[in-house]
Amino acid sequence: MHIHLLDQYHTGRSPVHRLDARVKLLLTLAFILVASLTPAGAWPAYLGLALLALGVTLAAGLPPLLVQRRALVALPFALAALTVLFTTEGRPLFTLSLGAWHLTASEPGLIRFLSILLKSWLAIQAAILLAATTPFPTLVVAMRALHFPRLLVAIIAFMGRYLFVLADEALRLHRAREARSAVIGPGSGGSIAWRARVTGGMVGNLFLRSVERSERIYNAMLARGYRGELRTLSPPRLRPADGVLGLLFVTLLALIALLGW
Amino acid sequence: MEYAIELENVRFAYHDGRPALRGVSLRIAPGEKVALVGPNGAGKSTLLLHLNGILAGQGRVRILGQEVNGANLGWIRAQVGLVFQDPDDQLFSPTVFEDVAFGPLHMGLPEAEVRERVAWALAQVGMDAFADRISHHLSQGEKKRVAIATVLAMKPEVLALDEPTAGLDPRARRGLLRLLARLPQTMLVATHDMRLVAELFPRTVVLDAGQVVADGPTGHLLTDEALLEAHGLESPYLSPLP
Amino acid sequence: MIPILADALLAPARMHIPDGFLSTPVYLAAWVLALIALGVALRRTQETLGERQVPLMGVLAAFIFAAQMLNFPVAGGTSGHLIGSALAAILMGPWAAMLIMTSVVAVQALIFQDGGLLVLGANILNMAVIAAIVSYGTYQLVRRLAGDRPWGTFAGGFIAAWLSVVVAAIATALELGFSGTSALEVAVPAMAGVHLLIGIGEGLITVGALGFIRATRPDLLSAEPMGAGTGGRWWVAGLGLALLVVLLAPLASSFPDGLERVAEDYGFIEAARNAPYRIIPDYLFPGVSNEALATILAGLVGTLIVFAVTLGVVRGSTRADRRPPTADGRPQTAD
């Protein structure tokens, strides 16, 4: 039983897949930065960024619809920005009357609201493209090469390796509970507090399994010569193609940014 | 004569104080292939962990004539390739390549040689095409093979394997059997797979409750029904249950 | 399986801020604070354990991620989940917990787009740094009050988990408010209100986990996880930080700015106060005219009441009842 469902990576041999992960990570951040700095209402710049994201999606051979579907994950958060509709001063657009609520939306409010949603939608596409074209281990190597704190990168590497192993174990515990509670009948299973505590028991159980596993892993590391210092191979060299593609992308971003300001 | 593995009256108890090994003595000559059998909890895994000093109780452990102590652990661990029971414990790196490179890297080898050894070790177990794969995505049989490659890359003299065939389907098991038969190293293999024992190991050691209760030619032991019965073992030649 | 996973991925997302929702100065400031804390955490962790505990922390980061998938039905199709900062802090100490939770939040952003990349600093600040300090400080304070009697572990665990969730939620609301993305007068009560409830789930799960661990491996519940220390500094830091965040909320929203006037003009604040998610019926103190002061007082008193009530309830109940069986079917013994 494996949880592949959550795996975002799509195998491929496109130029986007082959682009060095360091470059890809930095370009992703640059893209999101430009999106975040673009002023509200600078529609041409948003359009430019959207086209750029679409271009990369196609170049990577990813189905655009799939990317768009995943891009919806941040949508619920839009609620948090809803208030700007009504709290930004400017030409009133419409008034909502819900009982005691009288809310008037303004035009600048609407522009800000839409801009926030656009920024978030664009940024998340960039993040999806990064995850979908870069295997996790490669991302770890890139973080190490970019001199992220060594200890943190090592923790993240182990986390990536054991994420699915432990998720499988969690799922097994969950199934075992479901199987048992089915005996009592649907809808039963005690009070919410009791259920929460039972879930807590599973969490505790999972914690112990994790600690024990980490002890076995530590032994396996010792057995292969680990003496407290993690060594890794040096990262791959940057190819000329990485530089060219990187520069091209940065130039496009700069042009789009100019559109916005 | 210098033995590849020599244990002299090894005793060990885990933190809870219950003894797991109660005076184990064992000598294995270079090149010998020995099966270590016994019921669950007999102490097989515990014994294997003594071979390279991960656990250390009372008594002596010598590998290739050298006594295992704090000073020579680096050397000992390069000589004894220990493969753990659960490949998910053994394969802790993000990719197959990084996992196989871990041992050579921590032996302090230069990078070029590390890469060479990874390629060689993966070829030994027939997994050369899998270097860039993510360990989690491998099948159980593939994981077991890569686990063996992770220690082969250290070019050990001695292989200590913990249940190498557990959880394998017949075909994967067969492949692993062939691989083990081909490897030239001295081998001590803990297993419940009595057919593996019969097919591969001329000598068998029976461990029960932390003690060696029998040690001899596999052919003799596996036909000694009283012995097998007494220690919860089954002959591979036996017919199904009555 | 799919509903469980989808549910698990969506539910904690409320606190994972996506990119685009924070203004540049706010996410930069959050990065600075988060990086300072992480810098100290990295140094402390390396001092006390070197890289010996690397596999432990890595597997525990995976554990927190997996534990977030375990849920329990509450009502109306919603379910209770764990965020896990408090559990990590109690079991591993605040420094290691910061690193573990940072890895969790970072991987969620990088691999699952759960939370943004540029705003990662803010998410780390809320869920890894603030939550770890607040929960560890609270836990140690309650343990002290309990004089190391067993109920201290459970009451401490519950209050720590609850408070860490509420404070992290308020910090999230503050960041959204400072960015001009949400009106503070709405965001703070809304986030705080929802998480007053979510925090109870977090608290109960944490107590359940601590109970299981206490019954099976009490040695893992050491008083000073990984050399973190139980000294006065921690509970001062924890409660101080909690108070700071709680106090910042009304102060920040009381500054008369354009946004608020508009909101007042349209009766928005009144509406927000009557919103259905409000838990404390009267957020403002009657008779205190200064709005900010009244809100602060209300927040303080609310926190203290919850604190005292929990102490009382947990203290009473650990004496009276035997714990229900855990997932494993093993009986939990509290003491």
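All chains are identified by letter, namely A, B and C, in their written order; residue positions are counted from 1 within each chain.
What we mean here is this: a residue touches a chain if its C-beta (ideal position, glycine included) is under 8 Å from a C-beta of that chain, and two chains touch if they have at least 3 such contacts.
Every value quoted in this text rests on a predicted model; they were computed, and no experiment measured them.
S.K.: If each protein chain is taken as a node and each touching pair as an edge, is the resulting graph a line, ring, star, complete or other?
M.R.: Shape = line; chains linked end to end, path left open.
S.K.: With chain centres set to the mean of the C-alpha atoms, which chain is at the far end from subunit A?
M.R.: That would be chain B.
S.K.: Using mean C-alpha positions as chain centres, tell me how far subunit A is from subunit C in Å, no decimals.
M.R.: Whole-Å distance between the two chain centres: 21.
S.K.: Report, in whole Å, the distance between the mean C-alpha point of subunit A and the mean C-alpha point of subunit B.
M.R.: The answer is 41 Å.
S.K.: How big is the gap, in whole Å, between where the Cα atoms of subunit B centre and where those of subunit C centre?
M.R.: About 46 Å separates the centre of subunit B from that of subunit C.
S.K.: Give the residues of subunit B touching no fewer than two other chains, as numbers and ranges.
M.R.: 92
S.K.: Among the residues of subunit C, pick out those that touch two or more other chains and give their numbers.
M.R.: 55
S.K.: Could you check subunit A for residues that touch two or more other chains and list them?
M.R.: 136, 157-158, 160-162, 165, 213, 217, 221
S.K.: If you look only at subunit A, which of its residues touch subunit B in the complex?
M.R.: 2, 4, 135-137, 140, 157-158, 160-162, 164-165, 213, 216-217, 219-227, 231-234
S.K.: Within their complex, state which residues of subunit A touch subunit C.
M.R.: Those residues of subunit A that touch subunit C are 3, 5-6, 8, 28-29, 32-33, 35-37, 70, 73-74, 76-77, 80-81, 83-84, 86-89, 100-104, 112, 116-124, 126-128, 130-131, 136, 139, 149, 151-152, 154-163, 165-167, 169-171, 173-174, 176-177, 180, 190, 192-208, 210-211, 213-215, 217-218, 221, 228-230.
S.K.: What residues of subunit C sit close enough to touch subunit A in their complex?
M.R.: The contact residues of subunit C facing subunit A are 1-2, 4-5, 9-10, 13-14, 17-21, 24, 27, 38, 42, 45-46, 50-52, 54-63, 65-67, 69-75, 80, 82, 87, 91, 99-100, 102-104, 106-107, 109-114, 116-118, 176, 180-183, 186-187, 201, 204-213, 216-217, 220, 258-260, 262-263, 266-268, 270-271, 274, 323-329, 332.
S.K.: Quick one: in the complex, what on subunit B touches subunit A?
M.R.: 49, 52, 54, 74, 77-78, 80, 82, 84, 86, 88-95, 98, 101-103, 105-107, 111, 114-115, 134-137, 150-151, 154
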